[in-house]
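Residue numbering begins at 1 within each chain, and the chains themselves are lettered A, B, C, D and E in the order written.
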Amino acid sequence: GTEKETAENGLIPITLQTDWYAQAEHGGFYQAVVEGYYEEVGLDVTIQQGGPNAMGTQKVVSQSVEFGIGRADDIVVHAANKLPLVIVSALMQHDPQALLVHEESGINSFKDLDGRTVMATPGAAMIRFLEKRFDISINLVPLDFGMSRFLADVNFVQQCFITNEPYYIKKEGANAKTLLIADSGYDPYRVIFTSRGYATKNPEIVKAFVAASNKGWKSYMAGPREKANALITQLHPKMTEEFLNYSVKAMIENHLIEGNEAEDQTGLIQPKRMQGLIDNLLEVGVIDTSVDAHDLAPTKYLPADLQAMVTK
Amino acid sequence: MTTNSNNIPMVRLAGAHKRFGETTVLEDINFQAAKGEFISLVGPSGCGKSTLLKIIAGLHSLSEGEVVVDGMNPKNAREEMAFIFQEANLLPWKRVQQNTELPLKLRGESTERRVETARKMLELVNLSHALDKFPWQLSGGMRMRVSIARALTLAPRVLLLDEPFGALDEMTRDNLNEDLLRIHARDQWTAFFVTHSAAEAVFLSNKVVVLSANPGRISQVIEIDLPKERNAELREGSAYLNYVAKVSNAIRTVH
Amino acid sequence: MTTNSNNIPMVRLAGAHKRFGETTVLEDINFQAAKGEFISLVGPSGCGKSTLLKIIAGLHSLSEGEVVVDGMNPKNAREEMAFIFQEANLLPWKRVQQNTELPLKLRGESTERRVETARKMLELVNLSHALDKFPWQLSGGMRMRVSIARALTLAPRVLLLDEPFGALDEMTRDNLNEDLLRIHARDQWTAFFVTHSAAEAVFLSNKVVVLSANPGRISQVIEIDLPKERNAELREGSAYLNYVAKVSNAIRTVH
Amino acid sequence: MASTSKKIQSALLPITSGAIILAVWYLISYWYGRSVGYDVQRIIIPFPHQITSALWSEREVLWQSTRQTALSALIGFVAAVSVGYALSMLLASAVWVKKALYPWVLVLQMTPVVVLAPIFVLWMGQGLPSITAITFMIGFFPVVANTTMGLVSTDRNLLDLFEMSNATKAQEILHLRVPYAMPYFLTGMKIAGTLAPIGAISGDLFAGSSQGGVGGIGYMVILYNSQLKIPELFATALVACMLGFVFVGCVNWLHWYLLKDWHDSARKVENT
Amino acid sequence: MASTSKKIQSALLPITSGAIILAVWYLISYWYGRSVGYDVQRIIIPFPHQITSALWSEREVLWQSTRQTALSALIGFVAAVSVGYALSMLLASAVWVKKALYPWVLVLQMTPVVVLAPIFVLWMGQGLPSITAITFMIGFFPVVANTTMGLVSTDRNLLDLFEMSNATKAQEILHLRVPYAMPYFLTGMKIAGTLAPIGAISGDLFAGSSQGGVGGIGYMVILYNSQLKIPELFATALVACMLGFVFVGCVNWLHWYLLKDWHDSARKVENT
C-alpha cells in the first residue's frame, strides 16, 4: 500500500531503493540522512542498498518501495512500455557510464569499437545507440561485475563507471583509459523516479523528498562528508575511505552532479534535454513510440529555485 | 475329517485358468476346501503351486474362472488369511522380533500383545536366542523360521503355506509338523500346504492334491483317511507308509 | 572309496574357529577330504554349515586355525572350485541362458563353448524350455535349478553344494542325485554337500559329517560303506536304510 | 477398450492439473492487477496468454537462442553423464581411489560457478566450450553421487558369486555393479537432464556472447530482464522448461527401455 | 595396531591427492604468471598461499557472511529435504497423483532461478525468506527424483507381504517404501547438501541485501569480483566448499547411522 501510516515519531516512512551497494554515487542521500535533512521535512527515509539484481523498477512500480534511482534512458524505455513511472528529479546531470579500454588496444574513439568484444549489460540502450550512431557492430558479452578478464586481455573492453573501476585498474598498475559515453553525444541524466500512483497521491511528500535529497547532494559535494562516508563504510564494510574519495573526486572533476553549466544545476531536469534524449532513442529504434518529456519528467516536484531555471 | 466341517466351502476355485502372457500356467482348476480342511499341494517344480496359492490369496488375478474365499473375493478376505511365502521375505531393516511383529503391527494390535505373541511364536520355531538379529545375520533356515513365526502370529481362517519347511532339518521339521497339527486342531483353519515331501503331505493333510505340469492341472486328489490324532508313532504304521508310497507314485506319474 | 584317492588332502581344516562378533559359530573344526571324496554335511538349522562352506570357498575368513584347498589358500584355489549357494543368486537382468553362462563368460571362454555347455546343463536340470526367461518369471525351484546348472558348467576339482535340492520335488531330486553321482564318477571332484535329508546324504556320500549347534562342532563322522555304483535299487536295500536311520539318529541327538 | 480409456484418463490428469494451475495463475494475476494496475501486473505476474503471445511474437529470436542453448545443454549433458559415469566407476574401482578423489569431486561441485567461470573463459574463450564446461560442472555431480551409491549398494551375495568365479575387478564392475546401479544411475541422469538447460543458461550468463546478433537463452534472459520485458522473460523460461522436458523424456524412455525386463520401477505389474 | 596404521593410511590418501592437486595448481599458476606476469596471474589463478593469506586477512568479514549464508543454506536445505520428501511420498501415494503433479514439479525445477527470483523478492522482500526460497528451489528436485525412484523400486515380494497384511496405503509407504527408499533418499539429500550453499549464494545474488552491514557469501563474491580481489574471491569459494562439506558430512553420518545395520552400502564387510 502507498498510504503508509505515520510512524510514532511523527515522521512519514519512505524507502529509497538504490542500484548498488552503498557507495559515493549515493553519497547525497546518506548525507541527507546523517545531516537530518529528511527529518526536517518530516520524512523517515530508509535507504535500501541494491546489488547485481536490485530490481528497483519492479519494486517501485509494485509500490513495495517509494523511490528508485536509475538512468533516464532506461526509464524512458520502461515508460514507452507503459510502465507507470515518473521521474521526479535528476540525480546526476551526466551519467558516469563509460567504456574501459587498454591503452595498448588502439581504441581511441567509439568508432574503433567496431567488431570488438564489449562486456556490458545486454539490452542497454547506450550500446544500441553507439552502434547506430557510429555505424559499428559490437560483440556484446554479459556483464559479470568482475574485471579479471579485462586485465587478462588487452583487447577487452568493458562497461564501467568512471567513478569506480578505474580505481582498481590503476591499483593493478594496468594502463587503462575510459571513453565516457556522455562524450559520444548520448548524454542521459541519472534520475530519481517513483510510481505514477504514488506521485499523484502524495505530491507533497515527493516534493519534500526531492528537496531534502537535493540539499543532501549539494552538501555532500561541498563537504564535509565524513559523517556520510562513515555511514557508507559501516553499511558496506568493504568500502574504503580512499575509494570513496576517489569516486567523489571523479564526480567533481567530471561535473557529474552539478553539470558543466556555469550555474549549479544539481537536481535539475530540463524538459528539452529530456525530449532530446527521447528523440534520440526513437531515432535509433530503441523505442518505437514517443513519450512526452513533460509527462514523464514533470518539473513540478522540483524545488522552486530549480523550477525557475527550467528553460521554456 | 472332511465331514466334521459344515458344508459351506471356505475356498472355492471354479474353472480357474491362469496365463502369464502367452503361456498357460494353470488350466481349469476346480476345487473346493471346507472349513478346517488341511490340503497339501504336490507336483513338479514349476507346475504352478505357488501361483495357485497366490491366486487364493488374491495376489494374482485369474485369467478365467472364479475364486471365492469365505464367500468373498479373496482381496476382501485378506484379514482371514495368512501366507507363508516360498521366500522368507523379511524386511532387511528390522530385527527378528520386529519382523515377526509386523503383521500385528499393521493390524494395529497393542504393543504388548504384539510383543508377547511374536515371542511365543519365535519360541515355537526355536529362535528365542536370535530376537535381536538382523536378517542378514541369519542362516537360510532361520530366516524361513522367522517367516513361519510371523504368519502364525495371526489367527487366520485360511493359512497358505508355500514350502515352509524345505530349508529345515528333519528334526525341526518334524517338530513343526506336530506343532502345526496341534494348532490346527485347536483353531480349525483351512490350510493349503505346498510341499515336496510326500511323507509330510500325508502326515499333515486330509487331502493331497497332485498337480501335473505344463500346464498345471489337478491330476489326482488323494484323500488321506488316517486318524485325526497324528503323532510320531503314526509314521511307523503301514497305513501311513502306504499313503506315502501312493502319493510318491502319483507325483512320479505326472512328470 | 577313501582309499582310491591319493593321500594328499584336497581340503584340509585344522583347528578352525569362526566367530561373528561375540558369538562363536564354528569351534575347533578339524577335517580333511581327499580327492574324489563326497562329503555330506548335516546338522540343525543355523549350526554353521553354510558358514563352513563359505570358509572353504574363502568367502569367509577364519577367526582361528587354518584352511587349505589343494595345498593353497582358498582364495588362490578359486579356479578349482564351484559353489552352489543356498539362495539361487541369479542376476535379475539376465535371462536363464545368460545367467548360466556367466561363470564361463567371466573366465573368458568362447561364446560357442559357453552357449553349448550352458544348454547342456540346463537340459540336465530340465529347463530347456525356459532359456529366455528372466529370474522373476521363474518358480523358486526353477531358479535353484538354474543355479545348479550354472555351477555345473564349470569343471571344478572341489564342488560346494549348499542345500541345492531343498526346493525340488522328489522325482527331480532323485534324478539329479543320480546325475550328480554319474558326473562325480567321471570327474572325481571332491564334494561338500549340505543337505537336510539323511537319505540323500547317505545315497550320495562316502562320509557324512554331523554338526552340532551352538557352537557348531563336528559331532560325528559316519563313513558310508556302500558300493561305489549307486542306483535306485540301492535305496531299497537294508544296508542303505540302516545308514539312513543311523544318520537320522545322529542328527536328532545333536539337537 | 479398457486400456484406451485408461490412456485417455492418464493423459487427462496432467491436463486437468495444468488447467487448475493455469486458473490459479489467472486468479492471482488478476487479483494482483486489480490492486496495483494491469501495467504493473504485466511485469510481475503476467497472464498466461500474455506469455504465449510474447512467445509467438519473439518466436524467431527465441528459436535461434534455443538452438544455441540446446546445443550447449546437450553437449554439457552428455559430458556430465559420461564423465560422471566414468568417474563413478573409477571411484568404485578401489577404496583408496575413492578416499583420494571423492573430496575433490565434492570441492569441484561446491565451488560457485562465478569463481570458475573466468578461468573457463580464459582457457576456452567466450562461447560454446566455456558454456558447455559450465553446464557440465552443474550437472555432473548428481550422476556421480547416484551412480557411486548404486555401485556400492550391490548385493553381497552376488558379489560372492563373482568372487567365486574369480572375476577381475573390471568384470565385477562391468557385469555386476554397473547393471545393479542402473536405476541409481538413471535417476542421476534424470537430475542432470533437468539441470542441463539451467546449466547452459547460467553458462550463457557468464560466458555467452551475442556474436552474430543472437545470444543463447541466458543472454535473452538478461536482455528481457533489463528491458523489463517480463512476459518475454516467462516465455523464455517456458522454452527452457520445454528443453528440459526433452532431456527428461529421453532419460525416461531410456529408463523404461533398460529396466523394463527386470526392475520393479519399470516393470508393469502382472497381476490385479 | 593394524587398524591404527590403516586409519593413518586412509587419512593420508586425501592429503596426498590434495598435495598433488596443490602442486599442479602451483605449476599452472607459475607457468601462467611467467607468461603473462604475476600481476595478472594473481587475479586469474592465484597461488594457493595467496588464497590462504587472503582467507586469513579477511577472516572476520568472511566469518560474518558465512554465518549469514550458512543460515539460509541450512533453512533452505532443511526445507528442500523435508518438502522434497513429503512431495515424493505424495507422488508415490497414488499413480494419478504422480501423473497429475510430476510434470509441474519438473517445471518448477527447470524454471531458471532468474525468472523466479523477482517474484520471490516481491512477495517475500529482500533478505532471508527469499534467499531461502531460492536455495530451496535449487535443492529440492534431487531429493524428489531420488526418493520417488526409491519408493517405486520396492521389491514386489515385500509389497505382496504388505498386501496380505491388509496394510493401508499409508502403512505401506511408511513401513515399507520409505525404509526401502532410504538409500535413494540419502543420496538425494547428499546432492541437496552440496547444492544448498550454492543455492544460498545464488539467492544472495538475487535477493540478498547487505542491510545492517553484513552480506552473505554471495555479496562477498560480487564485491571481491568487482574489486578485483581475486585471491579473496577464491578464499570465499573455499569457505563455500567448507560449508558444503559440513552438510555432506552430516548426511554421510546420517547415512552411516541409518543404514549401518542392514544396507550393503553402509555395512562393514564381515569377512576378508
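In this text, a contact is a pair of C-beta atoms (placed from the backbone, for glycine too) under 8 Å apart; a residue touches a chain by one contact, two chains touch by 3 or more.
Keep in mind it's a predicted model, so treat the numbers as computed, not measured.
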Highest contact count belongs to chain pair D-E
Outermost chain relative to subunit B, judged by CA means, is A
Subunit A and subunit C have mean C-alpha positions lying a whole-number Å distance apart equal to 87
When centres are defined as mean Cα positions, the distance from subunit A to subunit E in whole Å is 38
So, in whole Å, the Cα centroid of subunit B is separated from that of subunit E by 50
Subunit E residues touching 2+ other chains are 44, 118, 122, 156, 225, 263
Where subunit B touches two or more other chains simultaneously, the residues are 20, 54, 59, 87, 136
Residues in subunit A with touches to at least two other chains are numbered 58, 62, 144, 146, 148, 152
The answer for subunit B against subunit E in the complex is residues 54, 57-59, 78-79, 81-83, 85, 87, 89, 91-93, 102-103, 105-107, 134-136
Interface with subunit A, subunit E side, in the complex: residues 36, 39-40, 43-44, 61, 117-118, 121-122, 125-126, 205-215, 219-220, 222-228, 230
Listed in rising order, the residues of subunit C that touch subunit B in the complex are 20, 42-46, 49-51, 86-87, 129-130, 137-142, 145, 163, 166-173, 196-198, 214, 248, 251-252, 255
Within their complex, subunit D touches subunit E through residues 10, 13-14, 16-18, 21, 44-45, 96, 99-101, 103-104, 106-107, 109-115, 118-119, 122, 141-142, 145-146, 149, 152-156, 183-184, 186-187, 190-191, 194, 197-198, 201, 205, 217-218, 221-222, 225, 230, 233-234, 236-237, 240-241, 243-245, 248, 263-265, 269
The answer for subunit A against subunit E in the complex is residues 21-22, 48-49, 51-53, 55, 58-59, 62, 64, 144-148, 151-152, 164-165, 168-169, 171-174, 234-238
